[in-house]
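Should a chain be cited, it is by its letter among A, B and C, assigned in written order, with residues numbered from 1 in that chain.
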Amino acid sequence: MTAKTDFVQIRHAQKSFGKLEVLKDISLTVERGQIVAIIGPSGSGKSTLLRAINDLDPLSGGEVWLDGVQVNKTLPHRQYEKHINEMRQQIGMVFQHFNLFPHMTALENVSMAPQMLKGLSDEAAAKLAEEQLDHVGMLEKVDAYPSQLSGGQKQRVAIARALAMSPKLMLFDEATSALDPELVDEVNAVMKKLAQEHMTMIIVTHEMDFAASVCDRVLFMDKGVVVEEGPPEVLFKNPTQQRTRDFLRKHLEGAK
Amino acid sequence: MDTDLMLKVYPFFLEAAWITILLSVLTAILGLTCGALGAASRLSRFVVLRFLGAAYVSVFRGTPALIQLFILYFGGPQIGIQLDAFEAGVIGLGINAGAYMTETIRGAIISIDKGQREAARTVGLSQWQTMYKVVLPQAARLMVRPLGVNLNMLVKATALVAAISVVELTYTAQRYIGSTYKPFEMFLMAGVLYMIIIFVVGRGVAWLDRRVQIT
Amino acid sequence: MGLDFSIIPDHLDVILLGCLWTIGITVAAAILSFFGGIIFAVMALYAPWFVRLPFRVVEWVFMGTPLLLQLFLIYFGLVQIGIDLPAFVAGVIGLGLHFAVYNSELIQTAILAVDKGQMEAARTVGLSRGQALRKVVIPQAVRAVIPPIGNNMIALLKDSALVSVIGVSELTLSAQRVIGSTYRPLEFYLLAAAFYYVINLCMEWVQRKIERHIALSR
């Protein structure tokens, strides 16, 4: 039975690359407005799981549901294309390496999708883009090209680009891992702001402190399974599983 | 060096140079068209198209252009294709050049970082919209210089049509070598004109390359 | 008129002989262009200015004009200064020189790319510049440059068809001879194309083997 609050549902997700099983029967639900962090060692499958939610890396088995609609429906090619493009308009994604379009200004990066997909006029799209850039604190850089921006600035523009489509869900794939330490805070600040505005967010991250301060739930993944999950106060202070304890100890030791 | 002779014959070489230029332009247009179609074919999601594209590149890059010209010009009539030498030259060299340009264009497109495509798809753009708005604009900037190299080869390849008696620079040189027995002078006349044409093409490509850069 | 491949077996011997000539010319020119390329590269980089400059001009001319035109120059030019060589020799020289120039560009880049420290190390151990070049730098440069030179060799195979224009009885001219007596251009040019394609495939196979051998012996 699907509860009314089950906004994002992953049912028995399974993914293999040839003989290598990267995701082993993972199921989880996320409620509307919840902020979930996924942590774990590299190779645990956390990015693969995240990228399966908007079908960027399709699952080998299992289903992904968003707000009552199955994202990874099996359809003939043309219909599938139409369906997945519509679904992706509702899911925003922020990448580790930003992936801004280098041949467009910050404004154009943000305004392109609304203009092409929502039929907005040039002026309306530009205005919308300006609002989003203002939202992330990048208004004075509207006409800058990505090559003229710092890492933190690029990532904030990338967030604005994702937000411009008014998504129901935001996915963050190690959004600060490629940034110099001084630039991490400005991006975290934007993410905190989104959290306060009750955006549903799933965040794959290495930053335990940030996860603890912002998230409602933390999932620890290792070798393709969810080992443990719970509220940050519980998982970080009193993990029940040995693997979780080992990971946290290794990680916090490194940080200190 | 027989400069009097050179002064007498250079008008013929100038005329022939125009034919070489015309051949180059027409062949380049056909070549770019074939190249674009070939690249699209090799990148298609249909296996048949991908195979045909790969076969096109393999066959036309794997056999001499001269033979391809002969097949078209001399062999064509056998299956109902009657072309005059100039037409056969343009079409034959154009299709040949297209095989090289296919690889140049395809190479530029696949070199665009996968993350670009992912970011565009993630925001809801279709495959076609992604190609048109994100990949091609970036690939176009990358392919100007390599296509310039293809163009350079193409201008020199136009000399092959001398073998089917098109009156361009190399044919003219051969003809006057035959009647004057002064190969060095005739080589010089034709050679200088070729080098001028290639120099101009090179400058044009460099200018275009500078103009399409982003910042 | 259409196609009729049944006449091919009768004339296969002429075509095959032409094939052998093509292979022979290609191999000879390839060897010439390889060693010529090394010599030209060393000249272009290390010779005194009065040798280097004229050479650069020759390089510029050879890379800026069509091969066919160069073949006319060499074949008819040699006759003009009294050296009457058979057409195929002129063809091999023409092809060899043309590709030697292109190869020298590649080798120059490779030589410059070999770590400058290599040259310094060789000199400190007591080798003269010539010895250092010969024993240390050039062998390494040549290793790096084999793949692109391999591509040039394959281009050489295809360009060998041009020597038919100065009368060398290789594959293309042999096909033309047969066509002259059978009036079936399409069949025999297609056959010639097939032979070139097969020789091409063999050369690519050899190139891959050599590349793998080099990669393994590192």
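Points worth noting:
Keep this in mind: a contact is a pair of C-beta atoms (placed from the backbone, for glycine too) under 8 Å apart; a residue touches a chain by one contact, two chains touch by 3 or more.
Only a predicted model underlies this, so the values are computations on that prediction, with no experimental measurement involved.
If the chains shown are joined wherever they touch, the resulting network is a simple chain of contacts running from one end to the other without closing. Centrality annotation: B (chain centre taken as mean Cα position, compared with the mean over all protein Cα atoms). Chain geometry summary: the mean Cα position of chain A and that of chain B are 46 Å apart. Chain B and chain C, compared by their mean Cα positions, are separated by 22 Å.
Chain A and chain C have centres, each the mean of its CA atoms, that are 56 Å apart. Those residues of chain B in touch with two or more other chains do not exist in this structure.
Touching chain B in their complex are the following residues of chain C: 1-3, 60-61, 64-70, 72-73, 76-77, 79-80, 158-162, 164-165, 172, 179, 184-187, 189-190, 192-193, 196-197, 200-201.
On the chain B side of its complex with chain C, the touching residues are 59, 62-68, 70-71, 74-79, 156-160, 162-163, 169-170, 173-174, 177, 181-184, 186-187, 190-191, 194-195, 198-199. The touching residues of chain A, counted against chain B in their complex, run 54, 56, 81, 85-86, 88-89, 91-93, 95, 97, 99-103, 112-113, 116-117, 145, 147-148, 158, 161-162, 165.
Interface residues of chain B, counted against chain A in their complex, comprise 113, 115-116, 118-127, 129, 133-134, 137-138, 141, 214-215.
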